[in-house]
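Report on the structure given below.
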Amino acid sequence: MNSLAPRWRTSLIWAWTAAVVIFMYLPGLCLLLASMTSSRYFIFPITKWGFAWWEKTFASLEIHQLFQTSLLIAFCVTVIAVTIALFGALAFARYDWKGRSIYQKIVLLPIFFPQSVLGLSLLLWFNALGLTMSWQTAVFAHLVWIVPVCTLVISIQVYSFDPALEEAAFDLGATKWQVFREVTLPVLFPGIFSGALFAFLLSWGNFPLSLYTTGADTTIPEYLYAKMVAGYTPGVPVLGTVSTVGAAGLLLVGYAIIVMLRRRRAASDQSEV
Amino acid sequence: MNSRSPILQLRKLTKTFGSFTAVKEINLDITEGEFFTIVGPSGSGKTTLLRMLTGMESATSGDILLRGARINDLPANKRPTCMVFQSLALFPHRTVGQNIEFSLKIKNVAPDVRKARALQLMAQLRLPQDYYGKSVTKCSGGERQRVALARALAYDPDILFFDEPLSAIDYKLRKTLEKELKDIHRETGKTFIYITHSLEEAMVMSDRIGVMRAGQLVQVGSPQQIYSAPETKFVSEFIGDVNVMAVTAKGSSIVHAAEFGVDIASPAVPAGFTAGHLVVRPESLRFIENRSGAENCLEGRLYNEYVLGSRIQYQVRVHDHVFIVEKLRQQAFAGQRDDNVLIGWDAKDSILVTD
Amino acid sequence: MNLAKTIGPGTRHALPILLFLLVGFAAPLLAVIGFSFIPARSFSLWQSWSLGNYIEIFNSTSYLSFLWSLGLAAVTVLILAMICYPIAYGLARVFGKYATLVTLLFTIPLFVSENVRLYGWVLFFIKNGVLLGTLKAWFGIEPESWLFTNGIIVFGMVYVYLPFMLFPMTLGVSMVPDQTRDAAFDLGATRWQVFKEVELPLSMPGIMIGFLLSFVLAVGAIAEAKVLGGQQIIPISHDIEIAFTYAQNWPLGAALSVLLMLVVGTMVLLVLRRFDLDAILGRR
């Protein structure tokens, strides 16, 4: 049994995990520190602390525009991705059908693709179609990578979905649409919600696909990259920190909602055993 | 009790999946108000048959007639029948009340009427009234069974189907629920069609039982008939522990068991019976003092004994053939392991069956 | 029979995503393949096709970029495996109710653009940055910055691709039923034997997918070398980008992309073919 595992090993695993978690957040901490200086260049230890760059960044019209573009793209990606992915996930995990095994692999393929190459391929393709790059083409480009991820996330919920629920509703006189609205959708909601969260955040933070497909429009990651390469100001860590904290906040709220939903269901698993 | 007209008639009902025939040319009449149970091992096609009857699977050929009208092409949501699922399929995001009212909501019945009906059904099924707003996920196994049944009854179906709903329930509660279900059947007077792999369960509840094997109904009859007059070795073995000997016909009521090299007095051998099996139930076998103690007798070695509460079973080996002898606990056999014993039975207690 | 019945529910639900991937994934890849066969520095598909671009690649030093990318990716994957296994084991077996929280902590960084996160490391390692600045202020020592070395590129890739190794690995480790582990102990196996004979083989599907995912992503990596590596090493993706942008040689970039796609695609198909995804994801 687990309880027989030596205590030192359990402690060691905890300690190691904690160390790696700190490692994961160290760069974020550096960004935060770098943002809280009043001087033009980053020199550590910081001598002149201050939030001047925060104020400057939030007041900037250019930054507002960036936020708008990034939000618009992420919002469109989320709505479209979840719609396609919900059906994709039902085909992935709910139905037994002939081509399913191949289908699953096809759907996963874009996830395994280097995004920079994917972005360039899409640039070529849009160009061949005679399209002008803009935020709309970026939405499409994001979708190519995010729809499969979203499908995978929702599929995990679909796997635990009992198809008999749909049959039961149908048997009780519901039409196909009523079955979908009254049973399938609400039961799968936690999965759909996580899928939406993933879609939004992945689009929000995406750089390699945006780089080639936004054209004249600019997203926050693109702007940050441009500034990092040439023209560093402490506005870079400010914006970096904002987007990190924003992502974390959104995810934590989402997580809280999922925990709430799950708690309501936790009892069901216990009583079924 | 009920009118004797058939409510459901199956005519040469067949289902194939590719080259595999899951259900083969089933003919069956179900009487209005009957509790009919289809029994079969897993893979016998009973679930496929049930899914065709509920409309969740389409029939490959043959007819399903409900009160004389062909309903093959009627989808499940248009059929006046309803099923209680093996997993129960309770909607986890709904309360007990909402689950029961589901079909009424679909039919746009007014909320207060719905609630009254739900509470009435809950009372009938002995669910406390304050469970109305309780999440189904917080109900116990037995309560969930009752909610599922109430939900199906709220639909007011002409026929209720059951797909092994009790299979995941522990033994003691299952025994209680079996009897409850039979009481509900009596109270509602509806036609129940039940499938299970447990003949024991079928015996308790059913008016009639149909035994399925490899997609076909091999025998249909009352629990009494199935128990005392199985027609095939398969049906006889399905009931539980039986002693089966391969035999060939030798006279008008004599068969030969080549394995033991003896002739055996049997019930009248039917015309056309050449080879088959002789079935003797464990409770019909007895230990005897000498060969004149019974019409038929075999000598073997007492190998082991099993205490089954009120009864005790003894394993006796005759050559390599295993026989089971069953006795009431009060009449326990005094023999020791490895003793040589004589076991015997009378011709009237044995049954001749085909393969 | 209407259309809905003849094509079946599975196919019907798969249709939107398949159509989308046809237009958004297959078509661009075909476009790239098409471009790779047209003469260098041209921008229209409708001309005489040739293998010129491929010949140019094999006559140039681009293969070095390939080797660098594959080598760095391999090193990254091995380091990741060692870092992640204890954590995956912890997530699947030790952390209990905290497992979700720990998973969440590893998920959050995924949603921040990798450039931004890597830039955090630049601020950490740079001269007068968090690390060197502290060392200087407290101990008065001034070592050389590690930035712009080969090691730091691997470091960056390990950092960025850690979750891609960790999550599949966790799925894999949690596929090992407790009782098989207990049974092996009961049958006299040592801790190491249990790991080698039971845990490792049973969690193999998840581990292999973790290897595949992190390797494939690392082969295509570009940001680590650009942001941390100071362009000391040019990985293949960077070569491709240069061809597309500065060099304005789309056909050459396309040919390089095709080669990279071949490497990645072959690996993905070889590995995925061996596993039943349902078992890994659904654990039914």
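As written, the chain order gives the labels A, B and C, with residue 1 at the start of each chain.
Note that a residue touches a chain if its C-beta (ideal position, glycine included) is under 8 Å from a C-beta of that chain, and two chains touch if they have at least 3 such contacts.
From a predicted model like this one, the values you see are computed outputs, not experimental measurements.
Q: Can you pull out the chain pair that has more C-beta pairs in contact than any other?
A: A-C
Q: Measuring centre to centre with C-alpha atoms, which chain is farthest from subunit C?
A: B
Q: Express in whole angstrom the distance between the two chain centres, defined as the mean CA positions of subunit A and subunit C.
A: 17
Q: Cα centroid separation between subunit A and subunit B, in whole Å?
A: 52
Q: How far is the middle of subunit B from the middle of subunit C, if each middle is the mean of its Cα atoms, in Å?
A: 56
Q: Can you list the subunit A residues touching subunit B in their complex?
A: 162, 164-165, 167-175, 178, 182-183, 186-187, 189, 264-268, 271-272
Q: Going by the contact rule set out above, which residues of subunit A touch subunit C in the complex?
A: Those in contact with subunit C are residues 1-2, 5, 10, 12-14, 16-17, 20-21, 23-31, 33-34, 42-45, 83-85, 87-88, 90-101, 103-118, 120-125, 127-128, 140-141, 143-144, 147-148, 151-152, 155-156, 159-160, 201-202, 204-208, 212, 220-221, 224-225, 228, 236-237, 240, 243-244, 247-248, 251-252, 255, 259.
Q: State the interface residues of subunit C toward subunit A in the complex, per the touch definition above.
A: On the subunit C side, the touching residues are 8-18, 20-21, 24-25, 27-29, 31-32, 35, 43, 45, 83, 86-87, 89-90, 93-95, 100, 102, 104-124, 126, 128-130, 132-134, 137, 159, 162, 178, 182, 212-213, 216-217, 219-223, 227, 237, 240-241, 244, 250, 253-254, 257, 260-261, 264-265, 268-269, 272-273, 277-278, 281-284.
Q: What residues of subunit B sit close enough to touch subunit A in their complex?
A: Interface residues on the subunit B side: 54-56, 75-78, 81-83, 85-87, 89, 91-93, 102-103, 106-107, 135-141, 144, 151-152, 155.
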